[in-house]
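All chains are identified by letter, namely A, B, C and D, in their written order; residue positions are counted from 1 within each chain.
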Amino acid sequence: MARKKLRIGLIGYGFMGRTHSNAFHQAGRFFDLKYTPELIAVCGRDQANAEAHAANWGFSSIETDWRKLIERDDIDLIDIAAPNNVHHDIAIAAAEAGKMVMCEKPLGRNAAESQAMVAAVEKAGVANMVWYNYRRIPAITLAKQLIDAGKLGRIYHYRAKFLQDWTIADDLPQGGPGLWRLDADVAGSGVTGDLLAHCIDTAMWLNGPIDTVSGTTETFIKERMHSLTGNVAPVTIDDASLFMARFDNGSLATFEATRYARGHKALYTLEINGEHASISWDLHDLNRIEYFDHADESQMRGWRSIHVTDGDHPYMDKWWVPGLSIGYEHSFVHQFADFVASLSSKQPAMPNFRDALATDLVTDAVLKSAKSGKWENAHK
Amino acid sequence: MARKKLRIGLIGYGFMGRTHSNAFHQAGRFFDLKYTPELIAVCGRDQANAEAHAANWGFSSIETDWRKLIERDDIDLIDIAAPNNVHHDIAIAAAEAGKMVMCEKPLGRNAAESQAMVAAVEKAGVANMVWYNYRRIPAITLAKQLIDAGKLGRIYHYRAKFLQDWTIADDLPQGGPGLWRLDADVAGSGVTGDLLAHCIDTAMWLNGPIDTVSGTTETFIKERMHSLTGNVAPVTIDDASLFMARFDNGSLATFEATRYARGHKALYTLEINGEHASISWDLHDLNRIEYFDHADESQMRGWRSIHVTDGDHPYMDKWWVPGLSIGYEHSFVHQFADFVASLSSKQPAMPNFRDALATDLVTDAVLKSAKSGKWENAHK
Amino acid sequence: MARKKLRIGLIGYGFMGRTHSNAFHQAGRFFDLKYTPELIAVCGRDQANAEAHAANWGFSSIETDWRKLIERDDIDLIDIAAPNNVHHDIAIAAAEAGKMVMCEKPLGRNAAESQAMVAAVEKAGVANMVWYNYRRIPAITLAKQLIDAGKLGRIYHYRAKFLQDWTIADDLPQGGPGLWRLDADVAGSGVTGDLLAHCIDTAMWLNGPIDTVSGTTETFIKERMHSLTGNVAPVTIDDASLFMARFDNGSLATFEATRYARGHKALYTLEINGEHASISWDLHDLNRIEYFDHADESQMRGWRSIHVTDGDHPYMDKWWVPGLSIGYEHSFVHQFADFVASLSSKQPAMPNFRDALATDLVTDAVLKSAKSGKWENAHK
Amino acid sequence: MARKKLRIGLIGYGFMGRTHSNAFHQAGRFFDLKYTPELIAVCGRDQANAEAHAANWGFSSIETDWRKLIERDDIDLIDIAAPNNVHHDIAIAAAEAGKMVMCEKPLGRNAAESQAMVAAVEKAGVANMVWYNYRRIPAITLAKQLIDAGKLGRIYHYRAKFLQDWTIADDLPQGGPGLWRLDADVAGSGVTGDLLAHCIDTAMWLNGPIDTVSGTTETFIKERMHSLTGNVAPVTIDDASLFMARFDNGSLATFEATRYARGHKALYTLEINGEHASISWDLHDLNRIEYFDHADESQMRGWRSIHVTDGDHPYMDKWWVPGLSIGYEHSFVHQFADFVASLSSKQPAMPNFRDALATDLVTDAVLKSAKSGKWENAHK
């Protein structure tokens, strides 16, 4: 039986545009997809860049206006890999045009934008997903399975950090090509939306909803030059953001993200302590998970360093043989394969827009708390 | 020239009584002390236990009433290794009797007690020190030297945790022999005073004063049986305590202590991120320090795992040869050797009572914030 | 200017067939190739399998007889990913037909086969390369650069291990589909040619030629059933192989490979100790390299754990951003990109057939020594 | 009931003299000894040094001639911590005088010396022990218990290394005070007897007798100045020594020791792979043992990092609380406590002279093989 086609229009050709395009190609090579991805068009404001991306990744055409892309009949799915400030308009227009929508994280620049986006896709009844790719690191998926199987028992503690150091230099410009993450108008916020959002999405997937938060943020270097205008202006983003949280299940948490942690490139770490067992993980060694099981014989209890590369580990039967690592980009491949699988199942691919809204509610609450100095409700 | 004697009266024969007694013996074997410690008396309420401790450790006599110990003429130094609830009375009485005073941490059960103790030793003009022993782990001392030498530059972040799991079982009694740390009347608080106090002392030594804090605490199991009475009563201590902090130098911090982190026995960890370099350390591998230096050649930058056992590392010329580890108890030996050295120098041994009061001000502020839900001043 | 085409015929659709096919696709997406790979045909004895591989990976046609593949005019390059016992015949026929040849490792089942293969490609003057892919792990390439730059100084020691545990069960069959590595007729030897060959290739690349070896081998389970015939027969391969070596540069080495090291999946490790610095690496954490530099300030000397994912690390400017890992298959992508680059340069891609012959001379010497009980010359 | 006295005469006041003296003191503080050690005399050729050692460690008297020490009636036990070249004469004289004898390792400079020493103590029927202290690292003792309990099943592989780097500098003198380990006349051999001997003792304790060996040695710097005479002379010791071994139980092994492994101070490591489980350990992190158990649930198999500091771990009920490390010197304390315990039991303390002779037979075989280039029998 012939496979159906899944005709894709991608918006954005930057870092995330590359990870998505790679996923579209690799998913079919390694997973048995029921739909064949077709790369119909890539869209970006710069025509030369769009053409280069199309040539490199095999897109059949380009657009320089996303509205035109959405108008096209030959596209089933709009994938948004553009900066955060256009997520809202594109996603709503795409949903209204009846397209499936995949969107890079965070969903909106704030929960209000995200709420409108959720309303649009739910009203339209179109498939939708947000690229919180870390759920599909096999080690993280395994953690989810262990928790769901009750291996940890009651959860007492959760802690997550996302540490980087790339903005420490005080002569780094803010804003402009490749630097929009340093401009709050475009990005919505600094590390809160960029890095903490990842930590929060994983945390709520593994440990359920967050109830209340108390946070604080800091901008260490107060003024920077803009890369396009050359003007020195106040820095609008948060360089560091940290918060305490209480989950609905009664567990306590600390979260921290910063771009001022010298020595860390992209050190997303998490740890979860349960009554019976604990788990920890970090992105720099993404093929491993550390697991402690109190049920082990007393003298021989210790943290197990599990190399999550066996055939019975999540996703790993699709790749190589035990002991052979996969990398960062594979998480996108897995997520896209799951999305395609969801199209012929009754289970929507997670996280969908509504799931991602929940994360934006938490980041909004963190930013609100950072101003109020009080605990804030993360559910609304 | 004959060495002077330092005649010691120890109060307490428990876990800390043993670490101190060991330090009194070992310091002279490995360090060139200007005073010879003489173990005059050990004092404890249980005569048989006191006698056993005296026999084992070579104390010449025992007392069962600490007031009598303080009255004795043949003692220069009172060392308090008894539970927290008697620190205040003993220390003040000892100071008033003109004795030098060493006291286990935390100094008082709260800052008010500590304030009175500071006033007493300062009025009496007697040498005083608090056993925040982790400052004397060679790796921590080395960290202090690196920071003081400016290797890290401006500090952006500090984070510390003290994770244990020994109270998770819900049939564990509270209070009574060996369990007084679970009784707030005796201990003052739970992990805040027991574990966080260590983290705070080290942090302020390395990174300067803490300005404000926002904290929260939790008691996971609400009622426990008392080991002496058999009565079930509400648990009065905090099982977990975590807080965010801002230091006077502008750096941000997270602190956490808990006895509900499955898989961790005594995992005191700290990390400090500066403009130029970062440091991290943990108590389970206490002979190592991790160090990242951004000044390293770009391609070869990485966290260095330094085995702090060379002759040019702090204290290590006194022990064995490079690569050979020391253990936990050595931190007490170092601290006592430093105390003795301070008696013939103009520099008081750190941390003294006033230093330890600063820590109690922070723990008080954390507990206050946990109730108020707001940021609290940690200086007063 | 239009790129030239590089028309590829692949022989073999197993584990290595997949890694090569993936490399053909990915190289052009991430590297600026001067030739465009075209996947003309895949060849294998089982038609259905060959068709499935062609469909999945985009080969235009299939062959079931490798001789026919070589006869085709529309192919520039023959890539051999078939079992070891056919490397010799295919490579020589391909060379004689004027095709470029890439061959999986080991080159031949023994040095005599390899010698003939070298003669064939050199006589034909065709480009040739052997897939010792680990040279192209960025961490290993970085090690090579550091050594070549003199960072290590005189080399004293080299040690390498390749530890697996997948054949421990005594009911595992030998030979047949997926198990030809357990049949010496097909594979040439056991772990000596399969695993040690990798260790030796890297070692001689990093540390120069091996002069003499003294080795020993063991077969722990003496008889196994054949998966096709069901007959129980003596096991012909070596389960474990270890040897001592002296390099031409005077350094000493130990090498070990086994499939009986419980707890290790594919733990290829190496360490090299020089006068000034040392390096170690392992395949389970392939993005890291450990580096010790004696020139570091004395108190702060330690092994640096370098996460080889920065833009100035070998190959890594082609992938993502600092801190984001790549995986096993990327080594093949790098190697193929280097091969293509070599076609328009004067530098042949390494390792070529002659380089791979040197490795086979060492494995032959190891096996000879295992029988003689003496040191054997590894140069001939 | 009064404890008996154990009157000790120590010969040697260097590094090992200090570790033994410390053990004599600490054993009684932490273990319930049936005999009370009395430090009667310390003996050394330099009177001032002997007096300093006596003063520091509480020996009642000194001797400068070991023969006089042995003649004394007030001594039960002669402990030899002098350089290797006097072990033989002292031990035999002590045994003949009816003294118990403890001796630093290696027992003799070669097996012939050791054989005579074994004969002497066995003829005299005196208690005897050799200070292979690493058996008493709790992690190693735990490994022994696991192996004896059958947790590992059939053993396939053993590997051990002892890596140092302190002799790399070519201006280091050989011989003289503190440097006798670099003089083969005194030491017997270089790293073979100094470092490999430790590895071999542990290995045979854990894995049984070694049957045959094939080894090689190297002296990287051929001439050095003598520290006393100033004369430049050929270096007589081995800087590096490595060998392959076959144990009686059929397992294969590699052993290596060197003082030319840049970056390693005293890195004694071992790993043992069994049918069901594996163990690894290293001296730089001596409180940990790594353990892999194939019986763990498939998805959750990993190397467990066990912090061997719990009350149910060997020796650890005597020290502090879980998570708190001990150090190098504790292994001597444990060994002495075990020796004292053996005096009132029917079990001699291990390893005794005969056990240590077995190690010397192996080191002799390694050195013989290094000359012959062949496998040599390690049993005789």
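Here is the rule we go by: contacts are C-beta pairs under 8 Å (C-beta built on N, C-alpha and C of every residue); 3 or more make two chains touch, one makes a residue touch a chain.
Note that this is a predicted model, so its numbers are computed, not measured.
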Task = Compare the two sides of the chain C and chain D interface and say whether they are made mostly of the same residue numbers, over half shared, or of different ones.
result = same
Note = Of all chains, the one whose CA centroid lies most distant from that of chain D is A
Query = So what's the Cα centroid distance for chain A and chain C, whole Å?
reply = 36
Note = Per the C-alpha means, the centres of chain C and chain D lie apart by a whole-Å value of 42
Note = Per the C-alpha means, the centres of chain A and chain D lie apart by a whole-Å value of 55
Remark   = Touching at least 2 other chains, the residues of chain D are 264, 301, 303, 307, 310
Request  = State the interface residues of chain D toward chain A in the complex, per the touch definition above.
outcome  = 142, 146, 290-291, 293, 296, 298-307, 310, 312-313
Query = For chain B, which residues count as touching chain D in their complex?
reply = 15, 19, 22, 25, 28-29, 56-57, 164, 166, 264-267, 283-288, 307, 309-310, 319-330
Message = Please output the residues of chain D touching chain C within their complex, sorted ascending.
response = 156-157, 159, 161, 163, 165, 168, 214-216, 218, 220, 240, 242-244, 246, 250, 252, 254, 256, 258, 260-264, 273-278, 292, 294, 301, 303, 373-375
